[in-house]
């Protein structure tokens, strides 16, 4: 591929996704690049400067860069899209030689197809910066789930937050600011010390079984089975359990149901605030493109 | 009526209402009083110490105190209840002579029926303390409406809050704590100065027309037509309008609809967090009973 | 006096005061008015557009408006100034006929001198808006006093704030935000409900004696003798007492000293942040001038 | 050394330090251990259960554990203490064979003396958890420095915080909560994203020169010369510069002085809130002792 010298020389395909891709496409077109789109909900009024393609292969034709959605790959190798799109060798062959794919996470099928065609893959699912930029949106979605499902206010009540990663820490800061009495359960003493600086109490995860019943609301962001039989057995009927984590999740849902407890698996929170989150994803994608094509990763 | 000397001597009827009355009934029974209930959603498992009556008149029979619900009276004189209950002279005659009615607001029919029977009425709808105790619940319900209806985060975005009364001021404090950039529109310079101390910007309500378009989210708690044709004409299509006020409301909804703007009348927010709010209402009702019967209004 | 039609026609004298008057003078000159100054600390490099007069009478000569400082009048009738200045009839006679005096509070001597000369007095000491605009500065000064005098952090420790007026309420909000566990002592149940909405606990002032010993830090803004013998007797030696109130103050200092307790009367907090506070005072003074001269009190 | 089986069998020496060691000694004695102390400010009324030794060697005699202060070692090999104490081989020989030294950081002299005597050294200066537990105290000390040295409020004004480590991040959270408009300067994009989640703006450190003049207050916690000639040249005379970092510091103080700017090196902030900080240090020290002697590092 003769390297494009500027955004104006660049052809970008955006294939699959949800409402966030609308904002990503709009911002991509704002750079001056040629942008074609397919496979995500496209507004009736169109998106300025973005060409709606008639198929995935049409969208990919001669593109330098293709963006696949952040939710990554489903079981059958298809990407998350408004119709079934499998990014196999036949489809990727429409890309320009030396093209690049930017996406959340790739599965093995996509990886081998790309390798055979000499197409570079850039995964950003574990990009710490992007996760933090999305965190306020996800936390607001979680706050909504809590408000929808409680008979008490968050203000003035005791909430246990299990886990203190990117989402957990922003959730704790927000709940404390809303007046909740927050206790963090975390294995890592440094995370517990951080929780302390934010005005939360903390405990070792091992103490969940002994202490969980003090909390009418327990919300976990740890993808490990911490809310297990023992913890669930310790709870009263009034407890609300919310799981923010990816499969296999944190809560034993079937056991919670048998015990008559309300347990909610809050999924797809990443779709909250698609304009804000689409913009932050584009911020990260733009840095990846700039760095890959023009060797300049100055993030300022 | 021979005055009851203590809670144990007291018979309380709770008639009409919603989930909040469950908590009020439970707390009323905790005092040792005899409590009978009718006309609000009653849990299958019952409420400890509370007798579910077979009719409104049955519930009122020989009661010293009757509680009607806070939403007050509907148009036809009925109270808010799971079935039609009109508190007319025939119904109130079941009460013990010298009984007292405690409720949000009474209409003329109830007032004259009570007067004829020598029954005292205590209205608490405009009780400033109770309104503040309910404020966090109402504000969380409003936060939920905002999160449900926005494509951007509250965090980091500009929100205009019109009005700075009990609800408005708690809403502002909470939105600021969640990271929103809040501007208060208020006529009263003292309220604007209060907003300043909370980290919000402020403007005179007269400036709404000129400045409203800077805000993707506008939320009003003023029961006056401030979001009128002129203000609506100044807005972009992306603006979300939310009205928290009682009828006649703050927004010209039909005009907003004609202009293609999203406008939401967020009603019944008072039902958010019925356990917390029921408890705060009981806190106020208990003070009223204590003061009326035993002349002791020590609120501690 | 032929009424000045605009700021350019106006002569303003600023006499007495502290560092705040530097900012007030600077902002007054920015309007285009002629400004002369005397009796407050004047910077060596001068203040743009402000004439440093050689005496108080020189500064007042032919002025339409004179500003005296907010600290008000001392015992002997002198204003707060770098030298003794008594605003008696002889001094005020230098003003233009029909002039106006704007100040915090006037004493009887000044009132009668002004009345005899037909000079209007505008007092703003009790202006609720101005008090709130000054509140963040005073609260930061109070925070400094607390930090200087404690062996524990404010973060994570129990602080009792006695009083919930303009200063008390902003102090509570700030301490809660800094991670303190705040309990408000107030007689008024509405103020206690406001404290609850801010994430503080509360109690009736009558409970101070019983509960004060739970707080290593007690800070009062109520100008009434609430921290009396009984309360002081209930405390441990480690308690820090801070009084923010005006004379006669809230704490029995001599008794606290006899009991070996540390008690601090935090005075002159109003001088904290003179640039910010001078600007907010000028904001209020400007509204007064505009309203008095041109009948226009649009505060926007 | 015959290993002590419990706290009651243990002899602990606390030598050198400041007011924090008073609290550490008190808490150490609370475990039931024998505690002797020397070389830090000892209160006249004594510390319950702590023996004030007559010399450093007396304090160390037969101790299993010795605590030296967190400020670590001065140039000449002496520890920070009320008199000169050099922990050389002669002094350490008083310890029980197989003893352990717990301290902030050791210099080469102490390390070799300990090695020759078979004494284990545990350094905790870089313990991330302890740094965070101290952070609120240090941040409050920094807040005090800012309040003491500004003519504007922190509330409502623009503050640039350079660096976003343990102290920087807690400082940012606190300043935002106090109503300041905070911008973080950091090289690391993940730290800038964290600042965003806390409601702060951010910039790359490289942009300091271009943007520093927008901030009346700049405070740095980075021990690298970031506030250099170029940055200082860009500032107005009104800027306040505060350096929280360890030598060599962040600000070019001599150049700032030549330019007439106010620049403050805020040192010894770790002594703020000695009771709180002493307790958190003891929390860490206790874990070290438990783990070293009894192989149990359960931190709960």
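When the chains are written out, they are named A, B, C and D in that same order, and each has its own residue count from 1.
By our rule, a residue touches a chain if its C-beta (ideal position, glycine included) is under 8 Å from a C-beta of that chain, and two chains touch if they have at least 3 such contacts.
Computed from a predicted model, the values in this text were never measured in an experiment.
Chemist: Given that subunit A and subunit D are copies of one sequence and touch, is their interface built from the same residue numbers on both sides (over half shared) or different ones?
Modeler: The interface of subunit A with subunit D is built from mostly shared positions.
Chemist: Does B-C or C-D have the larger number of C-beta pairs in contact?
Modeler: Most C-beta pairs in contact, of the two: C-D.
Chemist: Could you give the separation in Å between the centres of subunit B and subunit D, each centre being the mean of its C-alpha atoms?
Modeler: From the centre of subunit B to the centre of subunit D is 51 Å.
Chemist: Measure off the straight-line distance from the CA centroid of subunit C to the CA centroid of subunit D, and report it in whole Å.
Modeler: 37
Chemist: Hey, what residues on subunit C touch two or more of the other chains?
Modeler: Within subunit C, the residues that touch at least two other chains are 136, 155-156, 179, 196-198.
Chemist: Which residues of subunit A touch subunit C in their complex?
Modeler: My answer: residues 155-156, 179, 196-199.
Chemist: Along subunit D, where are the residues that touch subunit C in the complex?
Modeler: These residues of subunit D touch subunit C: 19, 136-137, 140-141, 143-144, 147-148, 150-157, 174, 177-179, 272-276.
Chemist: In their shared complex, at which residues does subunit D touch subunit A?
Modeler: Contact set of subunit D toward subunit A: 128-130, 132-133, 135-136, 170, 173, 189-190, 192-194, 196-198, 203-204, 206-207, 298-300.
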